[in-house]
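You will see chain A twice below: alongside chain B first, and alongside chain C after that.
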Partner chain A sequence: MKRKSFLQFSAPSMLLMLALLAFPMVMTLWLSVRNCTPQMALVTVQQTGPFGAASVTTQRAKVDASGRALQDCKFVGLSYYRNILGLNKTPADREAAKAASASDDTAAATGDGHNEFIGALRFTLLYTLVTTPFILAGGLAMALAMNHVTRRLKGLYVAASLLPFIITPVVGALAIKWLFRDDGLVPHLLQQVGIQVFWMAQAWSAQLLIILYGIWHVMPFAFIVFYAGLQGVPQDSLEAARLDGASRWQQLRYVTLPHLAPLLVFVTLIHLMDAYRVFEPVLVLTRGAFTTSVQYLTYSVLLEENNAFKASAAAVLTLIGIGVLLIPLLRRTWREQRGTH
Partner chain B sequence: MHRRHLLLGALSSGMAAGWMPSAWAEPLCRRAGLQARLELVANSFPVMQHLARQAMACNGGGLNVNVKLTSRINYEVETAFASAGKSPFDAAVVSASVFSDLYARSQLYPMTDLVRKYGARYQLEERMLVRMDGEVMAIAFMQNTQNLYYRRDLFQRHGIAVPTTYEQMLQAATLLRAKEPGIANPIAQTFAQGWDLATEFTNLLFSMGGRFFVPGTAEPAFNSPEGVATVALMRSLLPYMSPNALSSNSDDVMNQLQQGRAAMGVLWASRAARMDDPSASRVPGLIDFAAAPAARPGGGSAAHLWWDGVVMPRNGPAQREATFQVLMEMLSAESTAAGNDLTIWVRSYYKPGRTGVGVERALAGGAKVWPAEPFFTLAHAQVGKVLADAIKGVRDPAQALAGAAAAYRLAAIEKGYISDGTRREVGA
Partner chain C sequence: MKSKAFVSRIALHLGLAAWLLLACLPILWMLLISLREYVDAFSSPLKWVAPITFENYRRLWVDQAFYLNFFNTAVVTVSVVTVSLTVGCLAGYAFSRYRGSLGFWLLLVALAFRALPHSTLLPSFFAMFDAMGIRNTTFALVLVLVAINQPFTIWMLRSFFMHIPAELDEAAQVDGCTRAQAFRRVIVPVMWPGIVTTGLFSFLLAYNDFLLSSALTNGEKMTMPAAIANAITAESEALLMQGVAGAVSITIPLILLVAVFQKQIVSGLTQGAVKG
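Right after this comes the complex of A and B.
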């Protein structure tokens, strides 16, 4: 009976999760090990148009009797994963590498070991690891400051602080881009004091800009969560600490922060997941120059190569990355859960 | 105010072309009594906003037309037209480049019969019809290319001739930087990493005498001495451009020219009219347009010719007649006339204004038609990824291009254009 009511309560959400989370994930996994291509044949076509006539030799998909293009589908195993990670070489590549090593040009033939995924992973991790502490510290500082704002100004303070979080990420990123581009407000003001920085011109400034955007955009989220947490700090414990002569710092360190610890874990967890998927600022601010992220890579595979199979593999790799990042936090939560039961 | 002005001008030029404004009040598509629910998709250019309004003017009675304007047209159209079921779009407006991909995958429905039936009613011209082996597969209505934008006033003041090669352009840039203190970075060009940069490379490579593929195959050939020379030429432009150049897209370049910060640069011809917009430009009327310079003396203008047109999917033919009539209404002579200055139209009675001479100049300068191989977009995408580092000197150009060629081969194998391990011949 107990089991039956449990099932009755949980079945709707389980079904929803199966349909909206598990099914797409299985589909993505399935796509990532397959490949479908049209059966191409060589054709020479007489083309006429606005710019005159020309004979074009190209490839064209073979069609069946109903005019539908014929497809070849096959299982490719982990080949996309190896391609993305730069571990795969086709027989022709190996041949070219062999030929090139004879002519002392190995690097050229093997693409000089440059790997996009590793570059993307490097910047994604940098972004994630740099923004997280700033967001936690900044959000906490804003929440503590909020406690000292007079009641009348609180509404204004909350509205102003939440604005970066409310704005659509693309709009926020565009606003930042316009502030920092040639003749933008920030370069103009800096120039007044004799500093000239071209923000999109080199790696450090482009990366800094995206990291600053990330902190600016997410800090309000941390702020509002911590502020809610601060309302629940037991006043009697704080008062007892004060009576025992604890300084403000000691009150924060030994009473407030332990109370907020679960929220710190929560914000870290959410931000690690979000940060690892950083995308909009990369797309808008730099289009990947110096700052390709793992998610941007998936996007470019999907849109530029128009290859949903390979993009699925990139998406699965992103998922694995998030999983690895979250392991320590999930283990901690798991232990706490077990401890309380 | 500005729009009304435009409309009045267009009306008068339309009347000169011999059509009656009264016909415009009630679109043909509405009078035809069509019964359909149509979904169209197009890129979100200003001219497409105008055309979408024209198409939606057909709405009423039993006809319901919806136009989706998107910035991800390639992906949306290619996915919709490839779907196993019915395409969610009854027609699409695509560029010549997307057309090549769709045609190669046999995903387009020919419109030859419809052109025969309705061509005269809508005054279709032969030059608008994109025929493949005689079948009409697309109807082109606008064209585009890249032109050299230059400040006529500054060039005249210093006695500089309009450059016809990049070498002359660099000389002009050196001179202007020395003599015009307000112009620290005389050249502005769309060098943003990715699509923009790869497009510049494509323009210059062909003018340099290089090519993208081994003739008759899908094998890469841009990793060549000409490719390396092209990278070197692009690198030589950097010192004359804003240090932010590698993230400058068309909007940024337009802005630099409009603000009088740059004195010359190659940019899309379709942007020319906005140089004369007094609300956005500090130099209205001072920028002139010429064929893009050649990469080397004797090379053709380093630009490519593009067209945009309408296509219909093979997997959505149920409402072909209604769709075609709405498309023709959208591209009618009246509609073209009303948007005269919004783009460079294909129709022969288009009246190019001062800013509409781009395609004519490019054709005269020897610009080529944008590559039509369906695998070209894959090579273009890979080149776009490595060029920024090669141009900055972070990676050796030959190695970077070889890396792009290897990555392209892999992508082309994955898409079935090159068979794994062995070469697939596509021509004699």
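Right after this comes the complex of A and C.
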């Protein structure tokens, strides 16, 4: 294909990605070093009531002719980055923290030197490190077990396994939440054997639930990929190993696993990227009370603190993280695809 | 020796049965409690048997007008799948036939975009859509979801197009077709299985999206997942039970999807560059 027709065919797709993926990324960078506040004006209003007239002076946002609020924007450098990384506080934050600690101890928890980003990153990494081995081992075990199952049952197992995988993540997380509610099924069953845990009332159990959700949601993916891979294991190599007296474990270790190695790497890389984006279970199961993830941090700063500029700083830090994570995947793809081009 | 094999066989089937139970339990439990009144759904001690009622569904679909959210989801998903496939087929075809290094580098960039955490784009989307006056419109949400969908759509369709020999294009062109005609009349017709599989994954991505849909729509424009966000924080009993009914309502079409398209989903997953 000529370069010109390549460009013609791919133009709509490229333009969409340029406008809605690449451009917003650059814009985030720009937003993260700025801050805008609505312009306020003192307005004196005459109020007439049953007890005579009074003039009240209040602050109001200035608007332009079309009714849009006028904004004062200024360059603030890296101060939101320092803020998110807990390096220093903006004067406004310091005052808020002072006021909060005077009136209310709970608010002080969000106060000085609190490193929101590292906290979010720490749990994101914990989630990744804990779920990955379970997903790989569980998926592999299921795929191997499938070889001993009749064709009819296979269809049932595959269909049932697909459900947790394709279910809407927010619904899946809610389903887990309702199962583990204090008056739900699992606490009830655990109580029968004398264990009482208030799953969503403390950090360790809430984090455990997020991890359980992750394994439940992603293991089927690993299972299906490995199962497909197993169909391609050369049967004559297995036969030869058997004739040479290899035990089942040795057949697995020296014939099957080496054959599956590229798929193990593939599932791991995909899961690393997806685990870095963990969001729905964090929102649903803890509402950020005990734990946050990097995606959740941007989301909550933007929608709960209502600060698009600080959220942009969190977003840029998140993007730096994914950039680092992507290096091995890109290198692998680069090596693979170089041959086809 | 024989009894040992028998024992391991039993263990294997028990293990698989346990997984079957674990995989389905959260969904089955959700289905069960959605058919109960709050006092029966969450009670202490737990009730194994309770009267069945469709009241939660009636309140949600009739009183809360959940059919509007269903309609929004239908519009969004159908639009996203249609536009994604149209735009993606053109690009996927181009990437499968072009040999230059530009194509290679663009594919790598697309792969990097696929890993993008979606929330990082939100601050800019807010600013952009506010400036254009299209915030809280279905149009903006569809565009965003199509763009997010593109990287994996291109990768997947490209891998399907690679399986179609380039001789087929050449034969068509020798017979007097232009490149565009060859694509439309010869290549696309033999591509249908690949297009269906890719479409399924585009559908899942649009249908399952919560983060972007809930942030970019509100009020009457909300899709189903965005609408049940209330259930996350719901303290009131009625709201919670409506959330349960909503969660089941969202899941039922997905169960039908697995029943009908199981083969395509499995083949799509094993294609390689997949999983949105």
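FYI, the second predicted complex is superposed on the first by the 254 of 341 C-alpha atoms of A that agree within 3 Å, B and C clash if a C-alpha of one lies under 4 Å from a C-alpha of the other, contacts with A are read in each partner's own complex, and residues count from 1 in each chain.
The rule we apply is simple: a contact is a pair of C-beta atoms (placed from the backbone, for glycine too) under 8 Å apart; a residue touches a chain by one contact, two chains touch by 3 or more.
As the structure is a computational prediction, the values presented were derived from the model and not from experiment.
Of the two partner chains placed by the overlay, only chain C lies in contact with A:Met27; chain B stays clear of it.
Considering which of chain B and chain C touches more of chain A, the answer is C. Once chain A of one complex is fitted onto chain A of the other, the partner contacts of A:Ala145 are limited to chain C, with no touch recorded for chain B. By the touch criterion stated above, A:Ala228 is placed in contact with chain C alone, chain B being left untouched. In the superposition on chain A, A:Arg181 makes contact with both chain B and chain C. In the superposition on chain A, A:Leu302 makes contact with both chain B and chain C. After overlaying the two complexes on the shared chain, residue contacts for A:Ser312 are found with chain C alone; chain B is out of touch. In the overlay built on the shared chain, the residue A:Arg287 is in contact with chain B and with chain C.
In the superposition on chain A, the residues of chain A touched by chain B in one structure and by chain C in the other are 181-183, 287, 302-303, 309.
By the touch criterion given at the top, residues 1, 3, 5-6, 8-10, 12-14, 16-17, 19-25, 27-28, 31, 141-142, 145, 148-149, 155-164, 166-172, 174-176, 178-179, 181-185, 188, 216, 220-221, 224-225, 228-229, 266, 270, 273-274, 276-277, 279-280, 283-284, 287, 294-296, 298-299, 302-303, 308-309, 311-312, 315-316, 318-319, 322, 325-326, 329-330, 333-334, 337-338, 340-341 of chain A touch chain C in their complex.
Against chain B, the residues of chain A that register as touching in their complex are 35, 37-40, 42, 44-51, 54, 56-63, 67-69, 72, 80, 83, 88, 90-93, 96, 107-112, 114, 116, 181-183, 198-201, 206, 285-289, 300, 302-307, 309-310. On the side of chain B, the complex with chain A involves touching residues 72, 74-75, 78, 96, 100-101, 103-107, 127-134, 138, 140, 143, 192-195, 216, 218, 223, 242-249, 252, 255-256, 259, 261, 305, 307, 314-315, 346, 363, 369, 372-375, 377-378, 381, 384-386, 388, 395-396, 398-400, 402-404, 406-407, 409-411, 413-417, 420-422, 424-428.
Here chain C touches chain A in the complex through residues 9, 12, 15-16, 19-20, 22-27, 29-30, 33, 42-46, 87-88, 90-91, 93-95, 97-104, 106-108, 110-128, 143-144, 146-148, 150-151, 154, 162, 179, 183, 204, 207-208, 210-211, 215, 225, 228-229, 231-233, 243-244, 247, 250-251, 254-255, 257-259, 262, 265-266, 269-270, 272, 275, going by the rule given at the top.
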